[in-house]
Amino acid sequence: MITYVNPTGLMSMLSQAEVDMLRSAASGKIYDLYRRCSLAVLNCGSVTDSAEDLLKQFHNFGINVIRRERGVKLEIFNAPESAFVDGEIIQAIQDHLFSVLRDIVFMHSFPALPPSAPGMDESTGITNLIFRSLRNAGVLSTGIEPNLVVCWGGHSIGESEYRYTEEVGRQLGLRHLDICTGCGPGAMEGPMKGATFGHLLQRDRNYRFIGLTEPSIIAAEPPNPFVTELCILPDMEKRLEAFARIGHAMVIFPGGPGTAEELFFLLGLKMDERNAGQPMPLVLTGPEECRGYFEAIDRFIRAAVGDRASQYYEIVVNDPKRVADICAEGMKRVTQQRISSGDSFSFNWTLHIDPEMQKPLEATHQVLDNIVLKRDGHDSELIVNLRKVFSGIVAGNVKNQGREEVAKYGPFKIHGERQIMAEMDNLLRSFVASGRMKLGGEEYTPCYELVETD
Amino acid sequence: MITYVNPTGLMSMLSQAEVDMLRSAASGKIYDLYRRCSLAVLNCGSVTDSAEDLLKQFHNFGINVIRRERGVKLEIFNAPESAFVDGEIIQAIQDHLFSVLRDIVFMHSFPALPPSAPGMDESTGITNLIFRSLRNAGVLSTGIEPNLVVCWGGHSIGESEYRYTEEVGRQLGLRHLDICTGCGPGAMEGPMKGATFGHLLQRDRNYRFIGLTEPSIIAAEPPNPFVTELCILPDMEKRLEAFARIGHAMVIFPGGPGTAEELFFLLGLKMDERNAGQPMPLVLTGPEECRGYFEAIDRFIRAAVGDRASQYYEIVVNDPKRVADICAEGMKRVTQQRISSGDSFSFNWTLHIDPEMQKPLEATHQVLDNIVLKRDGHDSELIVNLRKVFSGIVAGNVKNQGREEVAKYGPFKIHGERQIMAEMDNLLRSFVASGRMKLGGEEYTPCYELVETD
Amino acid sequence: MITYVNPTGLMSMLSQAEVDMLRSAASGKIYDLYRRCSLAVLNCGSVTDSAEDLLKQFHNFGINVIRRERGVKLEIFNAPESAFVDGEIIQAIQDHLFSVLRDIVFMHSFPALPPSAPGMDESTGITNLIFRSLRNAGVLSTGIEPNLVVCWGGHSIGESEYRYTEEVGRQLGLRHLDICTGCGPGAMEGPMKGATFGHLLQRDRNYRFIGLTEPSIIAAEPPNPFVTELCILPDMEKRLEAFARIGHAMVIFPGGPGTAEELFFLLGLKMDERNAGQPMPLVLTGPEECRGYFEAIDRFIRAAVGDRASQYYEIVVNDPKRVADICAEGMKRVTQQRISSGDSFSFNWTLHIDPEMQKPLEATHQVLDNIVLKRDGHDSELIVNLRKVFSGIVAGNVKNQGREEVAKYGPFKIHGERQIMAEMDNLLRSFVASGRMKLGGEEYTPCYELVETD
Amino acid sequence: MITYVNPTGLMSMLSQAEVDMLRSAASGKIYDLYRRCSLAVLNCGSVTDSAEDLLKQFHNFGINVIRRERGVKLEIFNAPESAFVDGEIIQAIQDHLFSVLRDIVFMHSFPALPPSAPGMDESTGITNLIFRSLRNAGVLSTGIEPNLVVCWGGHSIGESEYRYTEEVGRQLGLRHLDICTGCGPGAMEGPMKGATFGHLLQRDRNYRFIGLTEPSIIAAEPPNPFVTELCILPDMEKRLEAFARIGHAMVIFPGGPGTAEELFFLLGLKMDERNAGQPMPLVLTGPEECRGYFEAIDRFIRAAVGDRASQYYEIVVNDPKRVADICAEGMKRVTQQRISSGDSFSFNWTLHIDPEMQKPLEATHQVLDNIVLKRDGHDSELIVNLRKVFSGIVAGNVKNQGREEVAKYGPFKIHGERQIMAEMDNLLRSFVASGRMKLGGEEYTPCYELVETD
C-alpha cells in the first residue's frame, strides 16, 4: 500500500537544488537511519522497547523522497495501519515525518557555516549546531517569556508514578508553564498529558510541548501524541545540552542509572562556578512510595560530593503543587537574570558547559578504567566522572554497543576511593532492589564491578 | 475570604441600565438559584451527588454582582479553595461563573421579544427562547459545517465504561468532530477528554466542547473542565430540545431509566413522519460487557413499539471506530439535507418537536395514572408515553419532588397492556440487576408498580 | 436586475421570530426610511448633496428582507452599478447594508428594556439607547486603551483643506490612533484616508475607522469606503452625544455654522463644572489659509463667553504633527482618568450632558424667538443657546423644514445683547465672505436677522 | 544622535556564530553598500534622483551591527529625522532596515549550497539563488492561490499617469489581487496605493505588496510605505527574473527605454517555444493621452519582430477595469496550468529563461558593437538583442558607468538592418519628443547613433 504525504513547516518551501540534495541524501548512506526513524514515528501509537522487533514486523516498510516541482512529497510503502484515520495519516504523525526528514536528512546535507567560521572552536561549534537544529524545529521563539519546564524520568514506569507525573503536569499547565521532555511514553508523556488539562482549564491555546530525542532511542521512545514540536538531535550529549539551554526549570522524576546520569549532568552545570548567576530550579520529585528512593540519592550525593551539593536541588515528595510553585517562582528569577545579562529568553547562551561534557562517551572498558572517583580533586571533575560512570552502566544494561562489550570482556570496572564505592554500592543495590535497572521481570545481573582504589 | 472576578464574553460590555437590572435581579427572588449554580460551578473539581451536602459544606459562600462604571464585577465570599491557582480563580471557572450570571440572571431579566410577537404560539416561543439562550452562550456559529456529536450517558459509571467513552471520543476527535454532552462527569466527560487527544493528534485547535445543563442537576453534574461553551437551559425538556436541535449525530452510552427517557425522546422525534427527511444518526454503544444491556433495550423497543422502530437506531458493541465512522458519514448527509432545505447548519429549525414533548412533566400519581401504554393508537403517542413513564421513574428514584410523592402515596402505577407490561418488567428488572437504578450500593426498592390494563 | 446578499455580523444569526419581526417592520411604515438609507449606502462611490436627486435617479430601486430558515437575506432590485465588482456587491457595502438593517429596522423593532426599568429617567434612557446602538454596531470593545480621535469638519471642502485633513490623519495613524468621523466625504474622509497610511507604516492591522451618521444626512454624506464600523443613530442630538461619549480627543477642522454648532456643543460639555475632571483634548486646526477663520472664532468666543472659555480649546494652524501630539499626549490623561474613576475605556458614562442638550431642536420662529443671547446668566445657558442659534441657522440654510419656515415667515430672528450681536455679526459675515454658508456658487441670502435686545 | 533598533523577522533569532559573521561582514568591504542601502531605506519619505546628494546630505550617518547575547541590534547614528515618530523609527522602516541587513549582508555571508551541488549549472544556480532570496524575504508562501500582478512603469511620472496607476491598483485590489512592483515611487507606488483602497473595500486584511529592488537603484527608488515585503536582489537581471518567476500577470505602464527593456525581456520569455504552455497575461496600459505612445510601441514591435509578436500582449487604453478583468481572468488559467504541471503557485520553476538573459549586461561600445538587429535569424535572438540595446540606452542615459563610456568614446552605435533601424528611429524620436528619455527639463542629447548594416 502506497501513501503520499505533503510537506508542512520548513520542508514545504524548498528550492529544486535543495530537493535534489535531499533526495540523493535520503537514498544514500543515511537511508537506513532515515527509514528507521520514520518507522518509529509512524508507530507512535504502540510501545515497544526494541527497534529490532519493530523493523522485523514492518520489514516491507519503505519511504522515498519524491521530487515535485513545488517541493517534496513523501512516498510511503506499507506504513503501520495505526497511523491512519480514514485513509489519511494523522496530522501529528505527518508533521513528525517531516521533522525526521528535516533533522536526519536536511540538517545533514546542509552544513550551516563555512568550515572556517571565525572564532569557532569545537565547543562553540557544537552549541551553534544545537541552536540551529532547535531553530529549524521551531522550538525557539521570540516573544515568549521564560516558561519551559524540562521533565525527566523513565519511559517505562508504573501506573502510580505515571499518575503522579500527570498531576505535576496539570499543576504546571494551570500555571501557564510549557513542557519539554524526551518525548517518549511514561514520565515523558504524563506531564504533557496533565499539562494539556491544566492549559485547557486556563484557556491557554498556544501551549508548547517540546520533544527532544536522538536517533538511537527514537524507536524505543517514539514521540507521544502530545508533542507539538519535535527535534531529533544528533546524539545523547547534544540532546542533554539542548535540554539545559532551553529549559528554564528542571523536574526529575524517579528513574534508574539513566536518570542518575541526567542528574549529575545538571549538577555538574549548576556547581560550575561560572554558572553561579544562573537560576535554574531543579526539583527531584515523586509520589510517597518514592521517598526512600530520593533519600538514597540525596545520601549518595552528600556522601560523594559533599553536603554543599545539596543546595543545588530540592527534593519534593508527593506534592505536585509545591513542584509547580517552585518552577513558577523560579521563572521570575530566570526572566530577571536573562534581562540583566542580555541573554535570549529561549536559548541560554551564557550557560557554561564544559567541553568534556559535550563529548560523546564511548562505553568501553578502557574508557571506564581511566576514571577514578575520588574527592581530593575538583568537585567538577568528580561530578563529570560520576555522570560518565552512570552513562557506562546505562550502556552496559541496555545499549547494543555496551552490552557487547560486557559480554566479551566481563563487567565494567568502576574505580574509586573506598567511601564513595561504599555509597555507590548502596545506591546501585537500591536500584536493583526496586527494579529500576532494566525493563522486564528477569533477575538482574550487574554489568559492573566496584573497585576500591585505596 | 473575598475574591473579585472581571467579566468575560457577553457580560463584559453592559450598559448601566442592564447592570442595574442585573443587580436587582441577582439580589432578588432568584438569588438562591443563582448562588447554588455559582457554587456548583466553583466546585467543578470535586464530584458529589448531593446539592444539599455541597450547600452545607460551603454554607458561608456568597456571591454578589457589583456595579462598576464599566460593567459588572462578581464579589465572591468563601469560594471553594479548589477553584484557585495562585490566588486566582481558574479561567474556565471564571468563564462558567459568567455563564451562570448570563443564563440564570440576565436571560431572566430581559425577555427577548414583546409578549405579542406576531405568529408566535407557545411552541415556537419555546424554540425561539432556546435559540436565544444558545446564541448568547456562543454555542451557535456561522461558518462551521455540521460536526457536532451529542453524547449521552450516566454521570456515574465504572472505569471500563469510562474508558470506552474516552476511546469513542478519541475516534470522534480524530475525525475532526466536536462534542456536546450534559457537561458533567462520567459519560459526559469521557468523550470530551478522549476527543481532546483526537483533536490534538489532528492539530485541530478550534474544537468545541459544548455543555448543556439545567438548574436542577448542575450541582450533581457540575461542568467538567473540558467544556468550552456552557449553557444552562431553564428545564429538562428545553435542554432535551436544545440537544436535538444542535446535535448532528447522537451517541447513547449505557445508563438507567434516565437514558431510556432520552432514547424515547429521540425515537419520538425520529419516528415522527414530519421528520422523515431528517438524517440524524443515532448510535447505542458500549463495551463488550454491555452487550446484554443493549439486547434488552432492543428487544423491549421491538416488542413494545414494533420491529419498524429498530431502523431508527444502530447498536454497536465494543467498536469505537465504527461509532465514529457512522457519525462522520452521517455528517455528510446532514450537510446535504441542511443545504437542500435551506436550514441553518447550527440550529435545526425544521425538526418537528411535538408540543407535548416540550411540556415539563410533573411526576405525580395523577399524571402517571392518566397514561396507558398500548399499541392500538399512534406509535407517536405510545413513544411519548414511554418517555413520560421513564421520566416518572427517574423522578421517583432521585428527584426530590418525585421521591416525596412516592413516600407519601406509595409507588407510581405504570398502566399498560399486558405484553408491553411484561417486556417493561423484564427491562426494569435488568436495570435493577445491573445496578443502574440508583447510585450507592444499597438494595433497590422500586418506586413503581406495573399494572396491566387488559 | 435582482441581487441577493447574505448577512454579516449581528444579522447573521437570527431566530425565526426575529426574522419575522424584521420582515414585517421592513415592509411597514419605516420602509421608506429603510429604502432611502440602503440606497445611500449603495451609492457610496458617488457624491451628491441631494437625497431627492438620488431617489429620482434610482426610482426603480427596491430592497426586501427575505426569510431563510437560517436567517435573513436581502433581495435588492436595481442597485447602482457602482456598488458591484464582477457581479458581486463590494464587501464593505454589503456590511453597511446590514448596518442599515440593524440600526433602522432591528433596533426599531426590539426595545432594549422594559418601559419601566428601575431608575431610568428620560436622560439616562437616551444614554443607554445610544450605548446599545454603539454596542450592536461593534463600536464598543473591551481591551483597547483610549485611542479614538473624533474629527469634525465639512463634507464639501477644497483640495487644500482636504489634503490638510489627510495629513492630520496620517500623523494620528503614525501614533496608532483610531479615527471617528461623521463618516461622509471631505473632512470626514480625509483623516481616515491619511490614517490608513499612518497605520500601514506602523504595521497596525487592527485600526478602526468609526462612522457615526443619522438618517437625515446619510444620503448627502454616505459612508466613505474607509469606515470599518458604521452606526446610524436616530437623530442629530444622539449622534452628537455618541461622539462625545466614545471620543477620547476631538479635532475640529474649518466649517460653517454646522461646525460652530458642534463646537458649542463640546464647549458646553467642557465648561460644565460637573465635567471638570474630564480630560478631553479639543483642537481647532486647519492649513495656513484658515488662520483668519480661527482668529474670528476665537475672538467671538472670548467676546461672547469670556476669555475663560479659551482655556478649553487649542487652536493649531498648519501643524499636523502638533495636532497629533496633543491628541497622543491627551490619551495618557484620559486613560488615567478612566482608571481612577472606574469608567469604561470605550464609553464615557461619567460625562455629564445636560438634558437640554439631548433634546432634538425644532427650528421654528417660535423656538428661536424664545432665545436671548446674554451674558448676565450662567455661562452654560449662554452656550446652550449659542448652539441652538447656530443649529437654527444650519436649518434655515440647508434643511427642508427650516428652509420652508424661512420661506413662509421670513428670516429667523436672533435676539441678544448688543455686544454679542456685534460679534455675531462679524463672525457670520466672515462665514459668508469665505463661502462657508452654503454649497454651490450663488450669492448668499441670509436666513437670519440679528436683533439687539437692549 | 544614536538610535537602537531591535530585529524583526528572520534576523530576530540568530546564533552567536551567525551574529559574528554578520558583524564582521557588515564592517568589512561591503560596508559602503550596506550603509548606502540602509540610508536609502531610512529616507523613504523624501524623493531624490541622486544617491550622491543623499549621501552628501547625511554624510555623518552611520550604522553598526551590535552583538547581543540574544541576537543583533542595529546602532544608528544621525538617521534622517523623517524616519522617526515620537522618537522611534517607524515600524515599516525598521522592517526594511532588517531586510537590507538580510539581503545585503546575511545572504552575502552564507552561501546556500556547497559549491559542487549535484546537477547545478550556472543557470539553475542563479534561479536557486533568487528563490532563496525571495524565500528569506517571506515573499514565497504556500497556501495562496495565484493572485500576484507585477506592475512596471516609471518612478517619475505626471499627476495624470499617477492617478491612472492608482485607479488600476484600486480595480486590482477590488478583485483581491496582490501587487508586486519595483517598490519605488511613481508607477511603483500608485498601484499599491490604489490597491490598498480596493482591498479595504473588500475587507481583505492580508494583502501583500511586494517590492523587488537592487542595490544600484534603491537610493533613487527607496521602498514606498506600502511595501509589505521588501527583497533586494543582487542585480538588475536577477530582479527581472524574480519578477517573471513570482508574477502571475504583468501590467506595463508608459515609460521610456527602461520600460522597453522590460517589455522585450518579457516578450523574449513569452515567445520562447519552451514557454508555450505558460499563461502569463501581459497588458500595456495608460490613460487616454498615452494612446499614441502605445501605438508607436505596437508598430515598432510588429515591424521589427513581426505581427506574430502582437499576440503576446494586449494594449488597453484608459480602461482600468478592463486591465483588472484581464488579470483576474488570467489567474484562473495560471492556477490551472500550475496544477496540471505540478509547479509551485508562488514560484514559476518551469518558466524557461535563456542563460543569455540571466547574464548581467555591461554597457560598453564593444558589447554593443557586437550586436546586430536583424530579422533573418531566430526571433528569440532578435528579441534578446533588442533588450540589450534598450538596456544600453538606459545605461548611456542615466547610469554612471554608461555615461562615462559615452563621455569618453562618443555615442553608442546601434547596428541593424535598414528597416528595423528606421522603425527604431521613429520610436526613439517619440520617446525624446514626449520627454521620456531622462528626468529634468533640459534638452536631450542622444547617447546613441543608429547604424544601418546593409
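The first chain written gets the first letter, and so on, giving A, B, C and D; residue counts start at 1 in each chain.
We take it that contacts are C-beta pairs under 8 Å (C-beta built on N, C-alpha and C of every residue); 3 or more make two chains touch, one makes a residue touch a chain.
Note that this is a predicted model, so its numbers are computed, not measured.
Undergrad: Which chains contact both subunit C and subunit D?
TA: none
Undergrad: Would you mind checking which chain's C-alpha centre is most distant from the centre of subunit C?
TA: A
Undergrad: Once you find the CA centre of subunit A and the CA centre of subunit C, what distance in Å lies between them?
TA: 64
Undergrad: Based only on mean CA positions, could you tell me how far subunit A sits from subunit D in angstrom?
TA: 49
Undergrad: Quick one: report the Å distance separating subunit A from subunit B, using the average Cα coordinate of each chain.
TA: Those two chain centres are 45 Å apart.
Undergrad: Tell me, which residues of subunit D touch at least two other chains?
TA: Residues of subunit D never touch two or more of the other chains.
Undergrad: Dump the list of chain pairs that touch, please.
TA: A-B, A-D, B-C, C-D
Undergrad: Enumerate the contact residues on subunit D facing subunit C in the complex.
TA: 85-86, 90-93, 95, 174-175, 196-197, 200-203, 205, 225-226, 325, 328
Undergrad: Spell out the residues on subunit D that touch subunit A in their complex, using ranges where they run on.
TA: 12-13, 15-18, 20-21, 24, 68-71, 110-114, 117-120, 124-125, 127-128, 131-132, 135, 140-142, 341-346, 349-350
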